[in-house]
Amino acid sequence: MPTIHFYCPELDEEQKQEAIEGLTEVGSEVTGIDEDNFVVYLEERTPDMVGVGGQKLSDMLAAQEEQD
Amino acid sequence: MPTIHFYCPELDEEQKQEAIEGLTEVGSEVTGIDEDNFVVYLEERTPDMVGVGGQKLSDMLAAQEEQD
Amino acid sequence: MPTIHFYCPELDEEQKQEAIEGLTEVGSEVTGIDEDNFVVYLEERTPDMVGVGGQKLSDMLAAQEEQD
Amino acid sequence: MPTIHFYCPELDEEQKQEAIEGLTEVGSEVTGIDEDNFVVYLEERTPDMVGVGGQKLSDMLAAQEEQD
Amino acid sequence: MPTIHFYCPELDEEQKQEAIEGLTEVGSEVTGIDEDNFVVYLEERTPDMVGVGGQKLSDMLAAQEEQD
Amino acid sequence: MPTIHFYCPELDEEQKQEAIEGLTEVGSEVTGIDEDNFVVYLEERTPDMVGVGGQKLSDMLAAQEEQD
């Protein structure tokens, strides 16, 4: 313990390390628990697997791209 | 907030939108919270990654097919 | 299978039944899987346990009340 | 989206805000997604509800206290 | 890693230790990963927070008791 | 109910069945609930998606291999 599940978009290798490091650091600072005890799961989700406000995120992003 | 994680079989694009829309609508109606605040995660799982009653779902489905 | 985790505010008994019924119905319609197979977990969270946009939801709601 | 579930020990009000702020900040920096879109759930767990290495965390902490 | 989340009814202290020990043992045997690396979360849920087949588990249990 | 989410490395078909069977058996023994009611999700994660002590598990495993 503690454990962090981060539901996020797909990340490149550098971003993965940054996320793991940063989230662990914050968690350790807040709780006073040593970083060694932290496990982080990067729950990468593609936009077609996520709904925001009742809409597929992939559709929302596609519509945004058309406007830009 | 609120957030819905739906552990389900693989869905086609139409089913994904239907699930996101429907689950968001129910959640909003029950809580009175505006749909815009809802996030839905479609946690699609293939039957080999799921156990029901101590058995792999993929084995159960294969056995059912043999009987049909 | 399938399973739905609904992270939501505290609900009264009627709302709980409504949420369970409604989410199960949508899930069953979308997947074609019989309602009997559905499990729903109502993950009720008080606003002090939830952050939105980097702020405690309890603080946001308190600020809103002051404005009203 | 994105969403962070932080499984952690019980936190006081200040720690809750610190965790929400810090985790959101890291998530936003890594993904480039605006902080407004982030939801954080503080999944506070008492040590009797957590096992580490096959042992109840509450028992481990009690044993440690005896040694100190 | 690895981590096990066990969504279960309320457990007494003995059952908690049994669950943590047993689940960790199985996980370690299957993966070959040392037990020390395992974290188990006992996600105890009261029956009013769980739906099965579209019904509150608390209502189902109450109905069963009436029949017995 | 009950439901078990097992966050684990990638498993072969035999390991999957072993995990499902073993976890279900332990859960049933501890709770007294019939195995038929148990659902197990094998949440297989590759080491690049997992952080331990602030480091990517994939990097840790690579460093270990170099040492061996």
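Quick notes on this structure:
Just so it is clear, A, B, C, D, E and F label the chains in written order, and each chain counts residues from 1 on its own.
Assume a contact is a pair of C-beta atoms (placed from the backbone, for glycine too) under 8 Å apart; a residue touches a chain by one contact, two chains touch by 3 or more.
Given the structure is predicted, the values throughout are model-derived calculations rather than measurements.
Chain centres here are C-alpha means, and the one lying farthest from chain D is B.
Per the C-alpha superposition, chain C sits rotated 120 degrees relative to chain D, a value rounded to a multiple of 5.
In this assembly, the C-alpha centroid of chain A lies 27 Å from the C-alpha centroid of chain E.
Once the centre of each chain is set as its mean CA position, chain D and chain F turn out to be 21 Å apart.
For chain E, the set of residues that touch two or more other chains comprises 1, 3, 7, 19, 23, 25, 39, 41, 45, 50, 52.
Interchain contacts (touch definition given at top) occur between A-B, A-D, A-E, A-F, B-C, B-D, B-F, C-D, C-E, C-F, D-E, E-F.
Those residues of chain A whose C-beta lies close enough to touch chain B in the complex are 7, 45, 48-56, 59. In the complex of the two chains, the chain F residues touching chain E come out as 1-9, 11, 15, 18-19, 22-23, 25-27, 29-31, 33, 45, 50, 52, 57. Residues of chain A touching chain E in their complex: 1, 3, 39, 41. Taken in their complex, chain E has these residues touching chain D: 13, 16-17, 19-21, 23-25, 35-44.
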